[in-house]
Structures are given as C-alpha cells and as structure tokens.
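Let me begin by presenting the structure, written as structure tokens, before commenting on it.
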Amino acid sequence: MNEFLTQYAFIIVPIIKIAILVLLVLTVDAYLTWIERKVIAHIQARWGPHRVGPHGLLQPLADGLKFIFKEDPLPANVDKAAYFLAPFLTLMLALTSLAVIPFGPQRFKVLGYETHVGIADVNISLLVLFAITALGVYGIALAGWASNSKYSLLGGLRSSAQMISYELALTLSVVGVLLIAGDFSLRSIVEHQTGTGRGLLSWNIFPQFIGFLCFFIAAIAETNRVPFDLPEAESELVAGFHTEYASMKFAMFFIAEYTSMITISCLATILFFGGWLSPFPVTWTFTHYLPSVLLIPFGLWVIFDGMRYENLFGRILLPGVGTALAAIGAALIVFPMINDIVQGPFWFLAKVFTFLFVYIWMRGTLPRFRYDQLMSFGWKFLLPVSIANVVLTAVAILMWGKL
Amino acid sequence: MTAPLLIFFVLATLAVLGAVSLILQRHPIHSALSLIVVMVALAGLYLLMGAEFVAAVQIIVYGGAIMVLFVFVIMLLNAEEEERTNFSKLATYAGIPLAVAMTGLIAAAIARSSGALPAPAPSGALTSTKTLSMLLFSEFVYPFELTSFLILVAILGAIVLAQRES
Amino acid sequence: MVPTSHYLLLSAILFGLGIVGFVFKRNIITLFMSIELMLNAVNLAFVAFSQSLGKPYGEVFVLFVIVVAAAEAAVGLGIIILTARNRRSLNVERVDLLKL
Amino acid sequence: MPILEYLWIIPLLPLLGSAINGLLGAKWPNKIVSAVALGSTGLSFACALEAVREFVVGGQHPFHKEFFNWIVAGNFRAGFDLQFDQLSVVMVLVVTGVGFLIHIYSTGYMAHEGGYYRFFSFLNLFMFFMLILVLAANFALLFVGWEGVGLCSYLLIGFYFLRQSASDAGKKAFIVNRIGDFGFMLGMFLVFQTFHSLDFRTVFDAVAQGNTAVEPIGTFGIMTVICLLLFMGATGKSAQIPLYVWLPDAMEGPTPVSALIHAATMVTAGVYVVARTNLLFTHSQTAMYVVAIIGCATAFFAATIGLVQSDIKRVLAYSTVSQLGYMFLACGVGAFGAGIFHLMTHAFFKALLFLSAGSVIHAMGGEQDMWGMGGLASKIKVTFWCMLAGTIAIAGFVPFAGFFSKDAILFATFNYEFNGKVLYAVGLLAAIFTSFYMFRLIWLTFFTQPRYDEHHVHVHDSPKNMTVPLIILALLSLVGGWFAAPALWGGPNHFAEFLAPVFGGEKAEGVEAHSLELILSGVAVGAALAGLIVAWRMYTKGAKRGAMTGAYKVLYKKYYVDELYQAVVIGPLMWLSRNVFWKVVDVGIIDGTVNGIAGGTTAVGDTVRHTQSGNTRSYAVWVLVGAIVVFAIIFWPILHPVLVGGVRQ
C-alpha cells in the first residue's frame, strides 16, 4: 500500500494539491462575492447582505444553492455544442491558470515526492499563464455567438475584440519585468526580487512602476471588470455574452470571472510586489510574529462579536471561527517552524487580497468606458506606453547592467 | 509502451480527429474550434519534444490571436453553414485521389528516409528560450527584422482593405 | 521515446487533411483555416527535425512561420471581409468572376 | 602642318553651324542665324584656304590621314579617312568658296521667307556632306557624303513643302537618285570584291601596279562593269541621260539652292567621282567610250530642250545638264583635267547665272516666265551686267572662263581615237545651241519692251548682300579660266599641270597640235558668235511667243521623256505595287500571316480559357497537381524504390 503510494506519488500528490486548491479557490470566490457586496454596500452607505447568517456570512451558500436548484432553460435554436462548451471552457481555463502560480518559497517532500507550494513549477510559467489567458477569449466569444441573441453576440464581439487588444498591452507591460529577471519562471522572478534582502525596496514595482500601471489596467480589461466591463454592460447589452445563460452555467461564468480576478491579483503580486516576500528587511526577524499579532486579536474580536447574536449560528459559528483563528495565532507563536512556513503564504495572500479589494473598490467608484474610448485608449495609449516602457528598461539595463 | 509514446498517441489522435472534424464540420465556427483543438494538441506535442517556447507561442499566437481573429470574423460576417455546391467537377472527382496521392508520396518519402535520421534526442531535453532568443538576435537577426517589417506591411494592408471607402 | 518518423508521419497526415480541406471546403474562411492547418503540419515537421537533429534552427523557423501566418491571417481576413461585403457570399464557388 | 593634321575641321564647321541653327535657331532672329551660318562656312572657307596654302607650300604631297575607325569587320575597314590632293584642292575651294558666296547671297534672298533657320541649317548640312564627299579617302566615306548631299538636295528642293509641286520634285529627285545610287553601291561592292578594300590608295595602287590590263573597247571585263556601275551612280547624281529628268524639276527649290546644289557643287559630284576614279576608267576603254557618248548626247539633248524653255530657271537647269554633259564628255575622252577645269569654271558662271536669275526673279517679285519680263536692263543694272558676264562666259567668248574650259574639252574630244570627230561635231552644235539659248534668255529678259504690268510690279535692284556675290562671281567667271590661257600661245596649261599628279599626266600636245587647237578655238568662238547672232535676229524686235508646233512643241515638251518614263517605268511599277505587292503580297501574305497567327492564338485561348473557371477549388486541384509533380521529381531517387517495390522498413 505504502510503496504503491510512493510509486505513484507523482500522480497522487498533484491530484491532492489540485483538490485543495480548487476547494480553496471556490470558497474564496464565494466569499469574494460576499466581500464585494459588503464593500460596495458600505461605499454606497448601505448594509449589504446581512440576513443570512451573521453579517450575511451564509449568503454565498444560499446563492450557491439557488444556482444549483434554479431551472436551466435552453434558448431557442442555439448552437448546443458551443452553448454548453462555453461556460465549461471559461471556468476550466480560469482555474487552470492558477496551476502555475507559486504561493510560497518552500519545497517539501510528501511520500518521498519533492514538491512545493503550488501545483506546477514549469520554467515558462508566465508564458503558460498568458497562453491560458489567451484561450480565455473563446469562452466569452462562443457564449456570445452560441446563444443566438443579438445582445450576446454584441457582447461576445466586444469582449473578444477587447481581450485581443488588451492582451498585447498586458504581455508587453510584463516584458520589463522579464528583462530584469531574465527568466520566465514566476518562482525565479520572485526570488530575483529578494535582491540584497532590503525588503520591499528591491521589488519590481519601483523600477517598473509604468509597467505595473499598464499591467494593472490591461489586466482589469482582460478580466472584463469595471471600468472595462463593456461585454456585460447592463445598460446597453442586458448582461452581454451571458445574457442567455442561467443557473449553473451562469454561475460558472461568475466563478470564472472571480477566479481570473484572483489569478491576476496573484500575478500582479508575483511580478511587481515580490510575491511571498516580506516587505521588511530579512534581518527584522520579529516581523515574523506579525501573523499571530494580527490573528489573535482578530479571533478574540470575532468571539466577542458573536456574543451579540441570539441565534444558534451566531453563538456557534462566530465563536468557533474566532477561537480557531486565535488558536492558530497562538500556535504560530508556539511553533516557530510552522510560523516560518506560514510567512510566505501569509504575505502572498495579504497582497492578493489587497488587490482584490482594489478591484472591488474600483467597481464601487469608477464609471464605465465607452467602446470607442476603450479601443482608442488600449491601442493609442496603453500599447505605446508599454512599448516605451520596454525600450526604457532595455536601455537602462544596457547602461547600468542589472536593475 | 512508455509514457511519452502514450502521450504522443493521445495527442496525435486528438490532432487528427480535430483535423478531420475541421473538414467534416459544416459550420465555420465548429471548423475553427476543431482547428483550435488541433493547435492545442500540437502545442502539447511540442512540449513533449521539449520545445516549450514554441509550444507557448503556438498557443498564444495561433490559439490566442490568429484563431480568435478567425472566430471574430466569422461572428462579424455572421457566416452560416456552408452550402454544398459542386460547381467544380475537377475538385469533385480528382480531389480525393490527388490528396491521397500527395499524402502517400510524402509518407512514402518519410518512411523511406526515416532510417537516415539520427536517433532523436531524449524527450524533454528542453531547448531553452535563451538559446532561441540568442539565435534570433544573432544569426537570424535580419530575417527577424524583416518579419517585423512584414507585420507592419500586413497591418497597413489590413487597414486599407477593411476600411469602408467613404 | 517517440521516434521522429512518428512526428513526420503525423505531420504528413495533417498536411494531407489540410489539402483535402482546401479542395473540398467551400467557405472561404474554412479554406483559410485549412491553409493554417497545413502550416501547422509543416511546423510540426520542423520541430520534429530540430529535435532529432538536436539543433534549435527548426524551432526558429517555426517562429518565423508563425509570424508569417499571423500577417497572412491579418491580410487574408481583410480580403475575406471585403469579398463577403461585395459578393454577399462566403462560398468560393459563387465567387468566380475574378473581378469585382 | 596644323590644319592638314586637323583636316576634319573643314567639314566639321558647317556641321556645327547646321546643328546649332537646326536645334536652337527656331527662336532666334534672322541676324543670329545668318551670323552662325556665314561664320561656320566662312571659317570653313578660311581653313580650306590655309590648308591649300600649306599643301602648296608643303610641295603638293598628297595628304592622307586615318582619323578613326568607322566600320571594322574582319579584314574590312572603312575608317574616317580624309585625303587632300590637287583634285581635292580644286573641289574644296569651289565648294567652300562658291558655297560661302551663295550663303551671303541667301541672307538677302531668303530674308523674307519663312523657315529661315531651317534653310540655313540644311544649307550648312549640305556643305558638310559635300566636303566629306570631296575629302573622303575611301568609297564608303565618299558614299556617306554622296547620300548626304542627296538628302540635303531632297530637303532643299522640298523646302516649300506646302507646295505640292515642290514636294513632288523633291521626291522625284530622291527616287531618281536612288536608282543611280543603286548602281553606285553595286560598283562599290564589286570594287571591294575585286580589290578587298575600299580605300582609294589601296585600290588605285592595285590597279596601277599594272596587274590589271587595260580592257580594249568592246570588251566587258570586271573593270568595265565596275566603271559602268559607278558611272550609273554618276548619271544619277549629275543628271545625265537617262537619269537627268529630276534636275529641271529641282528648280522648285529656292534659287540659291539651285545655284549651289543643282549647278555648282552637288551635280558635279558625279564628275568628281569619275575623275577621282580615273585610274579605273582608264583601264576600260569601253567605259570611257560609254561615258563620252552619254556625256555628248546629254550635252546636245539638254541644249536642244533649253532652246525653247520659257521659264528662266528651267533654261538654266537644262543648260546645267548640258554643261555637265560636256564635263563627262571630257572625262570620257580622257581629258579629266579639262573636265575638272570646266567643272570649276562652270561652277563660277553657272552659280553666277542662277544667282542673277534669282536676282531677276527677286526684282520681278517672283515672276519666272521670261515671256513675262523684258526691258529690265536699264532697271537692274548690276544684275544685268553680271548676268551678261555669265552669259558670255558660258557661251565661250574669249577671254572668259567658259572659253578656255570648253575649248580644252572640244580639243580633247577632237583627237579622241574612237570617232572623236563625230563627238566633236555634236559638241560644237551643242555649243552653238548654248550660246543661242543664253542670249535668247538675255534678250527676252533684259531687252525688248516690257511684257508685264509696270504698275503692279515695281522692279528694284537687289540689296548689297545679293549683288556683291554676283560681282565677285562675275569677276571669277572672267578670270577663272586664265590658268589655261598660256596654252593659247603654246605655253603650259597650268591647271592641267597642277592636276597632272592625280590624272597621271595628259597627252602632251605637239606644236602642230597646238596650231590645230588654235583653229579649233576659233571655230568654237565662231559657233558661239553664230548662236549670238541667230538669237539676236530672232528676238530683238518684237519678241512674240512662237506657235507650239512640230519640233518646237516636241522640244518644249522635252521630247516627252517624262511622259515616256511615266508610261514605261512608273506606270507599270505603280500597277505592280498596287495590284501585286499591296493587294497580294502585303494584304494577302504578310497581313495574312500576322492575322493568321493572331487568329490561331485566339482560337487556342478560346479552348484553353475554360480551365480558368475562376473556381478556387479547381485552381486548388491544379496547384495540387503541380505540387505532386514537383515533389515526385525532387524525391524521385528516394521514391522510386517505394513505388516499384513496396516500403522497406
């Protein structure tokens, strides 16, 4: 039994990792919707969801159930194959793109199989990522075309055009980073940002600020988020390419969108913000206690907060979660070894969530582009700027060696 | 049957099926999708051969740009299923035999001369992207620059063609 | 370990299928796709050779082929759009006047 | 010897003038054009004089220089070679000198004509070609000049190309000349075939080495054929029977042209060629005899025609023809020196006569018919006296130039061994006629009462630039013959002696011969006197136009020669061209072939074009076929074992 495991570890371990990751991501997606609604609600001075569970915490579950049990009508004379393929394709690609993202520095053995935090460690991971993103267009285009509705078709056309246009800017804006790191592997890009251990000073964000801006804008457009969410411009196209989709298929698009948000955030983190690296100089070992320092009070506050609730959920759920968090915090202090392992993912997730928050924040604040504005902006401003950035970076590297 | 061979046959079957369906499908969109399948399969084969950069480019450019353009145009022109006209007697009667003959010739040539090929390098011996870029910018720099010029011309041509004369 | 001839044969088959597609499809766009298929077949052969010879030249050529294919697609699709506009048909057999 | 070394300057200058005037002159005022023309010709004349001086001072050694290769093919070489010997001296002086004078005259005569620059451009071009002709050192280059002067004559005869008759005359001259040139070219080829060279020196040396025997009369050896062919060309260019018909019509051109080209220089080219190739001719008595007869006949016939012409220029034209006949007669009887001598004197007085006639016409405001003139003597004195001088000269009175030259010719003819007496008699008769029609011209023009409306035509003498050349020429035609004067009292004939080196020495006349010559000269003068008296008797009182009857009509119609040619040559030729060459050969065969080929192509295309169905799929199949073929060819070595004996793996 055991040797069977060890023999096929190269298959088993990745499967386990994938399972964990998918579960995690789905959950995060679900709660991302909750966070989004909450944040936007507060931006707009509303409460947001607060009926289902404390702080509406169970709302995502309810939505999930609703999606599952909702009727799934099939519009008249759609192209079935494409109609069904589209959402699956979109979701699949969105999830796949996470596979190449390294979440932490450690390498460890499981069943005698050396692995690391993250699914695959290909040495052209960035290219793979872009390849998958590039394929992402089809989901939307097909969805728009297959559902045989002018709104969908227009949405599909728009989004495919938009994605092609901004893919260029996206790719080019990264080239600067590649020039600096001299490698396609995300892992080595991150490690390159360790620099002389001076913390955030050696992150790419500083030499590549323009690149970062271009990247972020293009990324938002790539994920069809506000202010570039023309494919699903409610006011003009009902819901764009997924107008004709309902229940689970619609949910797939939804999940895919949030997943790609996560992916992009991870990418931004890795490329420009030093991935799992701590912003503090390596010498400041005391910063390693930051997670616990955050977790324990937070847990305690959650317990306290739960006290106010009369209902069962409040009394059980929140205190439970709170104690768990606090316990983890404590455990981290007790076992430094675990603490070290946690450091990378902690910083990584911290940065990722910051980006996700920015996403939501922008959605709460920014208006939507007009289509021609979008195009002219992408082609006439973003693309030239990112090219200029590449040129500048190359020249700089030529002059002062490595940046 | 080793793992690489297994993967090869899976991907090859995928590719051939895709190509066949490209021919059999009656709607351009389906043909396009089939072609995408072929391309992805080929990308997999490239990876199998250790040409990772080419594989990535294959997906990014072919899958992500060219084929998207095709799909886009199909959607734009709102192409419907192709009508099965048979105006060309020549193609109708001589097409299949000639195509088969051509394929047969090529296959025969390969089969004959495959003995002359050196033993393939161990699969997964990656051609590093660095090597390729070095080649591109040293030995093949002129062709490389020429291609950039070619692309420029193509862009201009496309613009000139596509704009409606007002 | 995959012998190179396998790749070559596969590319031959794909090429042949491309030919068949080119001869038998009526939709201009599909014709175009058949051409792309042939190009891909050739690319496969290139990569296979470069792998079996242990030299990266084949891959460089593949890159060039891809670039050319991209340019070709840009211009070709432009032409197709124009033709479709003027002829109201994508069927090549209906576009046989050799002039507009 | 600078100038001789750069001999090409002499012809080049007129060419430059022609080019400048022709290319740029259109916009220029007449003054500049005439300045260029006169300057170039004048300079050329000066160079010629200098060249002559050097030549004489240098001991009269024939000068010959090869300037550059023109055609070189195998052992054949035709270079731009010029030569300068005594004959050339005479010719060059005549051409440049008389040419220069006529240029001056033209500036006055053409002053009010359109195409002024064109006229002078052509005139200079003519000078260039004429000089090439007389300076050439081989047949090829000579032929260049030969054709060139023909071209210029064509251009200048047709100068008033708006006039049908003018352009017709030009064409006639050109075509008739072609016939002669045809013979000339055959002669050239024969020369080359015989002597393997076209250089005069080589050919003449070859002949002079005596390895070619003199062909006696009646035999037709190679030399005879060559000479006759060359002479055919000469008859064309110099308007001898049977090809003289073009010259009278050539009078359509402006009078200076008639003077320069059709009296003084070009028409004498034939004589020049015969004289130049005298070595060939002297080796064929037959040819000489033919030349003599033709010349004599021409002299006589032309003179007879001249008797009755009413157009002043035509009279002069026929007189030119007849004088040329004299020259050929001289050459024929072996007196080349006399021939050239007459050529020179004739150049003087005939140019003078033409120019005077032009002056008369000018004065009459374009009137050319003598029956429309009369009594001009008092009104245009200068012209009258000059013309009178010319007339006396041509009629052959002592001591004018014509007397000496014509006398020399007649004398030489008299003791020509083959019926020289007959030839002499005819020549003498022609002389009488000459003096008759010339004085007839004088009387009809200058005396008798005017036959024109004095109120419309107000007669005026010509401007200086026209009269001055007249006077000069008059003087020349007075003194031009005095080189030979000593011969009268038994002294040497300087002219003949000067030319002797070229003509290999003439027969020295003994004393008795000298006495005979005196008698003959007396006879000649008598003949002239007879003509004068007859003319005086006929035309002094009340000149009235005689009725067109009998011989008079025949003569007036020039023996119907033109009509004859029309009926015998031109008519059939036209018929042949129209009905055979055009309708059958051109339309039927040539066009037929072309159209046939075109038709065939069309037919093939009609069948083949069906492959061009425009159907892309068919094209794809064709491409595929091509690909298969190419592939099979390239990989044949690999493939054929497979195709033959299955795949071996």
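In order of appearance the chains are A, B, C and D, and numbering begins at 1 in each one.
Quick note on the criterion: a contact is a pair of C-beta atoms (placed from the backbone, for glycine too) under 8 Å apart; a residue touches a chain by one contact, two chains touch by 3 or more.
None of these values were measured; they are calculated from a predicted model.
Undergrad: Which chain has its Cα centroid closest to the overall Cα centroid?
TA: C
Undergrad: Could you give the separation in Å between the centres of chain C and chain D, each centre being the mean of its C-alpha atoms?
TA: 80
Undergrad: Please tell me the distance, in whole Å, between the geometric centres of chain A and chain D computed from their C-alpha atoms.
TA: 108
Undergrad: Could you state the distance in Å from the CA-based centre of chain B to that of chain D?
TA: A distance of 85 Å separates the two centres.
Undergrad: Taking the mean of the CA coordinates per chain, how far is chain A from chain B in Å?
TA: Inter-chain centre distance comes to 32 Å.
Undergrad: Quick one: which residues in chain D touch 2 or more of the other chains?
TA: 613, 615, 617, 620-621, 624
Undergrad: Residues of chain B touching 2+ other chains?
TA: 53, 57, 65, 69, 74, 76, 87-88, 91, 95, 98-99, 102, 106, 111
Undergrad: Residues of chain A that contact two or more other chains, please.
TA: In chain A, nothing touches at least two other chains.
Undergrad: Edges wherever two chains touch, nodes for the chains themselves; is that graph a line, a ring, a star, complete, or other here?
TA: Shape of the chain contacts: other, as it matches none of the listed patterns.
Undergrad: Could you please write down every pair of chains that are in touch?
TA: Chains touch in the following pairs: A-B, B-C, B-D, C-D.
Undergrad: In the complex, go through chain C and note every residue touching chain D.
TA: Interface residues on the chain C side: 19, 22-24, 26, 31, 92-93, 95-98.
Undergrad: How about chain D: which of its residues touch chain B in the complex?
TA: Those residues of chain D that touch chain B are 613, 615, 617-618, 620-622, 624-625, 627-628, 631-632, 635, 638-639, 641-643, 647-649.
Undergrad: What residues on chain B touch chain D, complex-wise?
TA: 87-88, 90-91, 94-95, 98-99, 101-102, 105-106, 108-109, 111-113
Undergrad: For chain D, which residues are in contact with chain C within the complex?
TA: Those in contact with chain C are residues 612-617, 620-621, 624.
Undergrad: Over in the complex, which chain C residues touch chain B? Could you list them?
TA: 1-10, 12-21, 23-27, 29-30, 32-34, 36-37, 40, 43-44, 47-54, 56-57, 59-60, 62-64, 66-75, 77-82, 84, 90-91, 93-94, 96
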